[in-house]
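So that we are looking at the same thing, I have put the structure below in structure tokens.
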Amino acid sequence: MRILSKSFWLQVSAPKAFYPVAGKLIPWFTAIAIILTLVGLYMGFFVAPTDFQQGESYRIIFIHVPAAWMSMLIYVLMACYAAIGLIWNTRLSSMMATALAPTGAMFTFIALWTGAFWGKPTWGAYWVWDARLTSELILLFLYFGFISLQAAIDDPQRASRASALLALVGLVNVPIIYFSVKWWNTLHQGSSLNLDKGSSMEATMLWAMLIMTFAFWAYTIVAALLRVRAVILERERHSEWVGELLGVGK
Amino acid sequence: MRRRAEVLTVVFFFVIVVSLFPLGVGPEIETLRLIAPGVIWVAALLASMLSLDRLFSADYVDGTLEQMLIAAQPLSVLVLSKILAHWVVSGLPLVLVSPVLGMQLGMDVESIGVLVVSLAIGTPVLSLIGAVGAGLTLGVRGGGVLLSLLVLPLYIPVLIFGAGAVEAVQSGMEYGAHVSLLAAFLITALLLAPWGAATALKISLD
Amino acid sequence: MRRRAEVLTVVFFFVIVVSLFPLGVGPEIETLRLIAPGVIWVAALLASMLSLDRLFSADYVDGTLEQMLIAAQPLSVLVLSKILAHWVVSGLPLVLVSPVLGMQLGMDVESIGVLVVSLAIGTPVLSLIGAVGAGLTLGVRGGGVLLSLLVLPLYIPVLIFGAGAVEAVQSGMEYGAHVSLLAAFLITALLLAPWGAATALKISLD
Amino acid sequence: MLEAADLQCVRGDRVLFDHVSFSVQSGELLHVRGANGSGKTTMLRMVCGLVSPSSGEIRWRGQSARGLGDEFHKELLYLGHQAGIKAELTALENLKFSSAVGGHALDTQTAVAALRQMGLKGREDLPSKVLSQGQQRRVALARLLVSKAPLWILDEPFTALDVKAVAMLQDVLAEHVVGGGIALITTHQDFTLNRGALRALQLGA
Amino acid sequence: MLEAADLQCVRGDRVLFDHVSFSVQSGELLHVRGANGSGKTTMLRMVCGLVSPSSGEIRWRGQSARGLGDEFHKELLYLGHQAGIKAELTALENLKFSSAVGGHALDTQTAVAALRQMGLKGREDLPSKVLSQGQQRRVALARLLVSKAPLWILDEPFTALDVKAVAMLQDVLAEHVVGGGIALITTHQDFTLNRGALRALQLGA
């Protein structure tokens, strides 16, 4: 039950301690990511039935939806880490926020791109100024803002605190994305997964989507860990332990 | 006296922006009426942004900001007063001239009414949100544009509902929802933004 | 390196600004096509103005300007290089992304071509004219605002002919006249503006 | 009355100062000394609460200054390298504005009197940007004459002042200290206090 | 070599100074003295050609400085109250930039050497805004070490410098003067030149 004790977390959340832990975790999640992706794609593209109105093009959904979900989820996660870093100024959580941003931006872009790609056959246009599409686009800009603000400030401490505040402010956009389909009469189709009245779609499709989502999750974790390790080295480069690690005698 | 000059420019700016569109669109009053709300609202956004990077920078350079941080009254109050001043020169003028611009673009009386209301509620939100951005980008490389990069996305919801309200009434639909959402934004912004901006300033001065 | 980051930010800025209009005006592509020239030219005006008051003011405050005045090389040359730098961060990016923006707003290939040309000729004029204004309003009470009061009227002709050219080709009319007029503006500005700005600076530093 | 307990300041990747502790009682002036870049300004800003120490804390009348917040700020007057003078405002406007920001409004004749005492007679209504360096500095220092704050924190108050002004400022400081006030100052010029207790804190090796 | 003939300066509605004449030969340093606001800065800027005298003229090597224009500027180095340091540039970039503006580009190692000599070792690549007041001042003064201009005009060069830096700057000035250069400086601190001829010009009553 060490996991539950506070001291344990304090230890682990010290960059020095976390660095090797992250190193150990990476291979596992890499494996998970690869396996789930393969399974998910197989189910999505071979097991799941052809859609009776959209034909094969609908299969984009297996990339699009998980990507879209991740884009929002990662932003929330990033904002939480940033907030923790801002309030209790714990160095590691700020670093995690920094490490998550690019992955989030990537998934946002994928959601936009696959969506646009999908839009052509279904709506006859790559892009329409529809509430959901727009708010997703804003999400991309928010990621860009977060990244460029951090890049623009020299002092890492200040940089992470400033961008944390920005991330928190930008949080308002996420519910807008999610509920846009409810609030406006959008071209984009509404949520077909709701907790109250089950799901409206084929079971295999649903499973394929969920599996892809978990695959993306695993990928996110891997990417974040890899990046956070780099960030740790970069920011702690003057501490002894990094010195020893890199074999630079102090 | 200085204020009056500033207000004048902003008004001037609006007139130019708004009169640029008939140029592209040509005189068809139909199209003009169609795009009027959007154009005016975008003008509002841009005007708010134009003056944003001057919100704190002068005080930052000459050390007044330090004095504000260690002043006896809470920083957020001082910040709020600065935000108010910003709105008075960037937002209020538009609210006042918008009826004229609306007519120029061939809007009917009712829509103009809604336009004015939406602007009156919406533009303060712009100044409030903007202040946070201004605080964050203080003394940062490439400040002005970075600022707009941060702020514009957050402006967009305001724009959507503001212009949306007017378009709704123009197409004879229900606009109450839009306006009340704007009001909700305003209240939230009023509660959070001054505090946010104050925090941002503290961060940038540390 | 820092320049590159700055240019990138400006590009984002344009993409956002232009994305604002469809949000306000509504997604109907043919309306968008109509207002596209106006939209993009307004964006150009903004970007130029946004960065204008920072053209000399920093150098003025930190004393670099004095150094330029007593430098061995002629002031107008230094000024011209500053103007060029201003255009590189405010005008050039727009010229580069304008095709994308044009497509975003559903313009056809030919009009996009004209758009790019008009911007390439027109935006330097904005920077050149702006420099004179910036020099004159240096360290003047309420500077930034007075600056736009001086500069905006001079910008208008550029905007009219710039947007005009595109709108002409869109409506299948002759656009050569507009473009050659823009070119005339550019040449005149190139000849007069650096000298004018230099003089303005000397005056405001005495 | 004012205590600093084991302050540490980290800037970028260098430790600027560490284990700095001092306490100043009312009636004392603390002269913070040290070479360029030794951290004097940072230290003073830390005492004001503008910079948060990476460890240690500031105590005022026994309580944590950060905790006291505006209670502490009420009793504090800080003048930094940047005098906070607005170029386009006149000397008079500047003095009124700065003390308004500081928290207490000034009536015109008090302000004018203070400016006269700083030797700015006839310059009250000139825009500050035409004033000489020293005159601008004097406008900023005029706040000392109208302030009731017991704790003065002055960063390089003597720069740009001519000999007469330096002498008069030293008197003002002495008055303040003798009257039960506290002052923290930095200066590179050698500095004596003709009345009141002068103490020194050396920063850096 | 440098002559000022019967200079007069009117500012607003007051005559700042009148009938000021002096001539400085190479190997001499002129210390312009006077109370705050007596017109020292204005005088120096007048000699540079930044302010045009309401009457009288400046001559350099016998010819009117205004007439010489850039010929004169080539031989001139002016450092004003405002050091001309850009907050976002590093110390190194600042030195290179300022001397590039001045007219001659610097290669990196010369610049670095100069900064080191000014005691900024290890600070070369920090953005100047994080540097201390004195360090920023040193960055500006580093130009003296790399300049070949015979005429130096320095307005309050000693402000914000610590004792060591003041001493070293005095040496640099002495070197320059002894080497046949000319210097005009203002300072409120009492100032001695251990070599070379020191002359004084008193402004104001």
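The chains carry the letters A, B, C, D and E, assigned in the order they are written, with residues numbered from 1 in each.
The rule is short, and it goes like this: contacts are C-beta pairs under 8 Å (C-beta built on N, C-alpha and C of every residue); 3 or more make two chains touch, one makes a residue touch a chain.
All figures in this text were calculated on a predicted structure; none of them were measured in a lab.
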Pair of chains whose C-beta contact count is the highest in the structure: B-C
Most distant chain from subunit A by Cα centroid: E
Chain located farthest away, centre of subunit C as origin (C-alpha): D
Chain centre separation in whole Å, for subunit C relative to subunit A (CA means): 38
Centroid distance [mean C-alpha coordinates] between subunit E and subunit C, Å: 38
Computed distance of Cα centres, subunit C from subunit B, in Å: 23
Subunit E: positions in contact with at least two other chains: 81, 87, 130
Subunit B, residues touching no fewer than two other chains: 61, 141-142, 146, 149, 152-153, 156, 160, 206
Multi-partner residues of subunit A (at least 2 other chains): 134, 141, 144, 148, 152, 155
Partner subunit E, residues of subunit C touching it in the complex: 58, 61-64, 66-74, 78, 205-206
Residues of subunit A defined as touching subunit B within the complex: 131, 134, 138, 141-142, 144-145, 148-149, 152-153, 158, 161-162, 165-166, 169-170, 172-173, 176
Subunit A-touching residues of subunit B, taken from the complex the two chains share: 129, 132, 136-137, 140-142, 146, 149-150, 152-154, 156-157, 160, 196, 199-200, 203-204, 206
Residues on subunit A engaged by subunit C in the complex (per definition of touch): 127-130, 134, 137, 141, 144, 148, 151-152
Residues of subunit D defined as touching subunit E within the complex: 11-12, 34-37, 41, 81, 119, 123, 126, 130-135, 137-138, 156, 159-166, 188-189
